[in-house]
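Take a look at the structures listed below.
The following pair of complexes shares a single chain, chain A, combined with chain B in the former and chain C in the latter.
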Partner chain A sequence: MARTRHDPVSTTIQRDERPGAAEDPSGPLLKSISPKRRDQRTPSQAVGAFFRRALLSENFILYLTIIFFVVASIFFTTLSAPRNITNQLLNMWPLLAIAIGQTFVLILGGIDLSQGATMAITSTIGGLVMSTALDASTYDKSPLWGTLISESGGILGQDPNGWAVAVVVMLLLGLLIGWLNGTMITRFNLAPFMVTLVSSTIFAAFALWLTQSRNVANLPEPFLLLGNGDIISIFLGPKLNPDIARRDVLPLITYPALISLGLAVLAHFLLTRTSFGRQMYSVGTNRRASTISGVPSQRVIIMVYMFSGFCAAVASILYSARLGIGQPSLGSGNILLDVIGAAVIGGTSLFGGKGTVKGTLFGVAFFVLLLNILNAMQLSPFIIDAVKGGIILIAALLDITRTRILNRGA
Partner chain B sequence: MTRSTILTIEHISKAFFGVPAVRDVSIDVKEGEILGLIGQNGAGKSTLMNLVGGVVHPDAGSMTFRGKPYAPRRPADANDAGIGFIHQELNLFTNMTIAENVFISGFPRTGFGPFKFIDRAAMKARTRELLDQVGLDTPPDFQIERMSPGERQLVEIAKALYMDASLIIFDEPTTSLTARETEQLFNIMLRLREQGKSMIYISHILNDVLRLADSIAVMRDGQLVTQEARDAFDTRRMISLMVGRSIEQLYPTRTSAPTTTPLLELKGISAAGIVEKVNLTVHRGELVGLFGLMGSGRTELARMIFGLDRTEQGEIRVAGEALKGSSARDSIRSKIAFVTENRREEGLLMNIAIADNVTLVALPEFARTALQILDAGAMREAAREASQALQLKAADISVQPAKSLSGGNQQKVVIAKWLLSQPEVFIMDEPTRGIDVGAKYEIYAIMDRLAAAGSGVLFISSELEELMGTCDRILVMSQGEIVAQFAREAFSDEAILRAAFREHAPLHPHSGETEQSS
Partner chain C sequence: MFKNLRKLSVGAGAAALLTISGAAGVAAQSDITICFGFQDLETEFWVAGHRAITETLRGQGIEVLEYNANEDPNRQLEQIRECIAQGVDGIIIIPQDGDSANTIVAEAQSNDVPIAVFNRPPNDRSAGLIAVADNVSATEQAVEFIAQKALRQYEITGEPITPLILVGALQDTNAIGRRDGFFNVINRYNERYPGLFNAPIEVATEWDAATALANLEAAITANPNVDFIFTSSDFLFPTIRSVLEPRGMWQPAGTPGHVLLAGLDGDATACMLIDQGYVDATGVQDLYLEAEMTMTSLLDAIEAGETAPNEVLLDPGFALTAGNIYFDRSDMWGCVLYDDGFLDQ
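Right, the complex of A and B next:
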């Protein structure tokens, strides 16, 4: 037996009759089990079949996240504390907004490296428009001092609706940067990587120059609500005290949750129900064939980059409101790679033509949970990224195994 | 015949998506013979060859190669065993040189101690020998991307020879070759046979198979119908075995007569070095053939009509109105459809479901409200109807990707997607290339139906016979100009070919190809 198993010539049609061979989920062998044997499945086979089904499900990353959460909660009890869960959700919403935009671009077979810089510039300019008061000694080096900003804040700092205008300005700015990216890519046939790298460099620098690297403080109160304002809150515990302390209240439904989930629903709808979504997949699969079939490929590409910029602006609003400042260094860390990682874990292909909003939602949830666990482990900050990388690798390998089984089963 | 057998395939079976593709097939290939393998698209030829090549693995059955059990797990195993593959789409790295492609699986190295370098000189010398064997006088360090399809084919053969293949499989090798290149390929195949190499030759061009093969195997619906010596076959018998019934005629009779209302009009279309002052009219209900050799400018002309390439002069009118704009989108709005010659790169989204391919062109018509929401039910229904009307053979059009279909069925998907947008002018560039007799007949019948319904069809082909069998009128293109036109009564293959080769006119000094192949 042992000899024949290693004989490459006979492996194709040989049937392995060893007990337990049926647990091997690798296709051909499983199919060759006779019906009689399948009826007498041992519990371990049943478990094997269950895992196989879970692995092949399109919600695989969700299951993985849940299992990950349950197992990790046993070791780190803080993980399942209500306070932690609401905090993690607040961390997740802005990340989700960026990731949705990136998913769209990845489906096209492109990449948007300028999302971080878009966040920086929109946060800064939005802040400069709506700030209610600015300190002369901090901001007098800014090229805008005396013209657009002054001691009474931004140009609309004293207007009660200034924050709403600022939000619109931020969103339009995001769309504009996306339009620039998309236009450069389609009109001049430049590589998306190059174009967005260039705009990333330019806009990040521009944001820093505007305030000479200072954060913009004193953002108006209504704007701050967009970052962590809650609409429905809950209190967990006995009703002993008529006054519940603010810190004991847990936000249940928050503005950022509504904004991000709203964006996700819109994106999902665009992708699955509209002709624009169908055209995105088709351009991402084969741009030439799509153009010949009458798909306005250039327009689709420009609109997708605009959407990506819009999503970055939404994330920028959520972050700025939560931090309470306009921050020219926003989005400058690893955030973009985390976002791309989350999208890919969620099933988006870097080669285009594949990806869903649902998958990205799960991917982002997985990522946030992962960061949370790594924090709870209180690892040395010097090793934390290595552990993160390792876990992402495992998730990616599982996904490849999954795709391979799916293709073979077809 | 006492020649020994080199490859034996015994009772091999393989199913995809639960649909059997190859069922209990047994075939022998003898030493030093050419086996012709024929069958309609979807008959299982490609799957059978993929089994031999280790690309897919059999569900049952076994193979013996050179007297030893043979069960390739991956394509490299087939190469190592001595089986070479010349695919329809060539597997060459176009950004590399000939020599690099030949030696891609292992470069010869030279040097001393731990310092090893690629031995370029040895590579070149060996490649030179191999290229001589296939009759190619291009230098070994020539880049593949600068070579014609025919020359690339020869490089593939050289590569197979380098691997010391004793069995070479040719899958539709002539689809993108000119007549002269095809001739050269056949001569090399015959020479290889003299050297004792075995070959399997798959082709839809039955006359070629008859000319080359020593024995012929016919497949239908995944099964082997028969394998006999070449002398037992003629074209008629081959077709009836492939189709499973005897076919009375290769071309459907035209069921309608053309009108005199002009539908598509080209007036003085020019683009420097590509086409020159082309005037052309397709009437309603007319099936016009456009014949020309490769490089005559016919594909370029089609691309200009459809707005993919720019014209420098001239005017295009559809139903009397000048074509506005110059993009594919504008052309589609003016009710023009374009079936490209290149199915894989320009016709289909290979990785995407058949139904999504079918609805792509007509997408705007399924969009409702300002949000462009798609009517999924209507789309499903339309895709199903169109694939039924064209008798598309697929297990499930909503999940199966286009690439899983055979060539003929892929072409039907391309035609179906255009039909949904209800065009009036059909430009079909080599629509029957690489598809089998049965599917060809169906496509001719579709063209006739379109013409009968009042559309105009411009049918571009380099197979003169099919144009003569189906068209109302044939235009001949040569070196960017329309040089002659023939009404149906005046069809004569000799006259048309002569026009294509410009025998009536003095030849241009740079038209090397046409001079030699006439």
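Right, the complex of A and C next:
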């Protein structure tokens, strides 16, 4: 197997023939064509080679997103309006946070179906403990009433810095759920699909039970800033009136952007600059061979699921703060379709061993743009989901095609 | 406009919409764009409400941007922000719950876009145009009717009545109001006639038929002597039937084993079942009145240049019962649909 950037242990690992096995996406095919042969190609061969190169490029989805945006903006002028662009960026950040966690799990060859439920339980518990006031008639049937919560809110509700502690609680809870998932998968050798589906069901039900399916309101103002706060806002255009209308002020740098991008940088560093990241690719490519060659597979798997839970908790913080409520039903819709779709579109393989944070960032951007365009097209709301599903299917097929091309070229 | 209305498959429904269009009172305004954000249209009520609003607005030459949030309040917030970015003149929403509605109304108003909330009100009713049924009152009227019947049954048999309520998702203020209305009547009768009702059984539905089916099956298996059921929404009558029928408890009024049944919404299925005698009463939300109030108030605000109009537009509701269905059926939107063959489509 060719030695790759992400795979220092590959000299001891036999090549994995499964589709999606780790490869440098731009390497073998290009290297296999000498400059002399390139000159001898016919125009059709050159075009074919160009598309193959584009398809294999790590930035393929970025190019596609830019082309998509430029073409669509011609037909739908509102797409390129500054307000729309800043809006779409705001929509990206929570989705990016959760998709990064899913990317890690997919690189392992696993899947985390409990991310939605993790968001629900962290949103609910975080909301309950930091709430500044709770209505007795609404929450008196909660099992936490009289202990962790009361009419004066949660136990951290009256503390000015209680919201920060609550955020830590939410993150720890995400880590704990990830640890449970990872431990069940490694210790009992259970399928990730089954373990995370079960934990999803349990934690989603637990969140509903804790609040008796009620939302948690009255969250502290500093916490709400995490989902909505602008650090730098801009106004474009001539100032005709002394007061600038709120709708004309564009959020440029926001707290959600900093949080998600910070998480992305951390994840990128972990994947590309640490032995842990290299071990992840190795385990995702061939777990048994990795274990034989000394990679602590079990520990890697547990840590990756913990990171996935952590990312879900970060997304939960952003969503809860943005909407201003702790929500036991958070993540219960088809958000996982969006998350897995964005990761796959970004080049993460469903078969493990392949994926990057950069790709996921581009995948999320593409996905958000796609939704924006579908909405602008005024398609029936019922068709939009079908189109989204179709795009994800195409992305999965592209993944297989890319892998086949790479395998042929290797 | 008449061409648009012909698209509606229900003639009488169309007639009702004509009334709404007239009442909206704004001449053709092709330069107005309204954003309409809703949740999944899973029940007849929402389908009829969606039609009433979109067809009427488009009939007036108003552009309507539709957004379905698939029961995800976060997505609805994103969609409303998208509408604001597109520079719409006004927004109508059917929110997922009262809490998220507060945030969405605040978002629209802080961006100087007038917003109206259709039928599912925010918890804080001080902001936005809020068209809402008086759920407590409509429920009380419907439950009162079957409580009277229960009292007569109790006086004859001396056996206490076991009531059961199918509760909606309690993040929704409509669900809370309906539950409150139910308990108001039960408690009032128990004070007046001690021993009439056993402790009510509460069955959670989360506004989901599958959840309701599973929980109702369990509740009826554990309490086979239930003889009084109130469902917080009429769309669950088929679910109730599928649980009661195999147990021989699905009987029309006047026959042994009849379970007293009441609901709320006033949909076509409820109308049919009242006709057939299986259902005794339903609290009716006047859907066409609510749609009319929503559109009229929003268009008036746009015309007046108001960016943050605040008003509660109350639909008092009424009860349609086996006793008054012959007189009041034309006022119930579900009967209008039913009489026009809606359930045969």
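Methods note: the second predicted complex is superposed on the first by the 332 of 410 C-alpha atoms of A that agree within 3 Å, B and C clash if a C-alpha of one lies under 4 Å from a C-alpha of the other, contacts with A are read in each partner's own complex, and residues count from 1 in each chain.
Everything below uses one rule, namely that contacts are C-beta pairs under 8 Å (C-beta built on N, C-alpha and C of every residue); 3 or more make two chains touch, one makes a residue touch a chain.
Nothing here was measured: the structure is a model prediction, and the numbers come from that model.
Student: Regarding the shared-chain residue A:Thr285, is it in contact with chain B (first), chain C (second), both, or neither?
Tutor: first
Student: Between chain B and chain C, whom does A:Ser308 touch in the aligned arrangement: first, second, both, or neither?
Tutor: Neither partner.
Student: Mind working out whether A:Thr274 is in touch with chain B, chain C, both or neither, as first, second, both or neither?
Tutor: first
Student: Quick check for you: in the superposed arrangement, does A:Gln115 touch first (chain B), second (chain C), both or neither?
Tutor: Once the two structures are laid over each other on A, A:Gln115 reaches no partner at all.
Student: Would you sort A:Thr348 into first (chain B), second (chain C), both or neither based on which partner it touches?
Tutor: Neither: A:Thr348 stays clear of chain B and chain C.
Student: So in the superposed three-chain picture, is A:Thr254 touching just chain B, just chain C, both, or none of them (first/second/both/neither)?
Tutor: Neither partner.
Student: Check whether A:Ser316 is in contact with chain B, with chain C, with both or with neither, and answer first, second, both or neither.
Tutor: Touch partners of A:Ser316: none, neither chain B nor chain C.
Student: Does the superposition put A:Val295 against chain B (first), chain C (second), both, or neither?
Tutor: So A:Val295 only meets chain B here.
Student: See if chain A has more residues touched by chain B or by chain C, and give me that chain.
Tutor: Touching more residues of chain A than the other partner does is C.
Student: Overlap of the chain B and chain C footprints on chain A, residue-wise?
Tutor: Touching chain B and chain C on chain A: no residues.
Student: What residues of chain B sit close enough to touch chain A in their complex?
Tutor: My answer: residues 16-17, 57-58, 60-62, 68-71, 73, 77, 306, 308, 328-329, 332, 338, 340, 345-352, 356, 359-361, 363-364, 366-367, 371-374, 376, 417, 421.
Student: Write out the stretch or stretches of chain A touching chain C in their complex.
Tutor: Chain A reaches chain C through residues 78, 81, 83-84, 87, 90-91, 94, 138, 208, 212-215, 217, 245-247, 319, 322-325, 327, 329-330, 333-335, 372, 375, 378, 380-382, 384-385.
Student: Quick one: in the complex, what on chain A touches chain B?
Tutor: The contact residues of chain A facing chain B are 8-13, 28, 273-276, 278-279, 281-282, 285-286, 288-296, 353, 410.
Student: Can you tell me which positions in chain C touch chain A when the two form their complex?
Tutor: Its residues touching chain A are 65-68, 70-75, 77-79, 81-82, 84-87, 97, 99-100, 102-103, 110-113, 123, 169-171, 204, 206.
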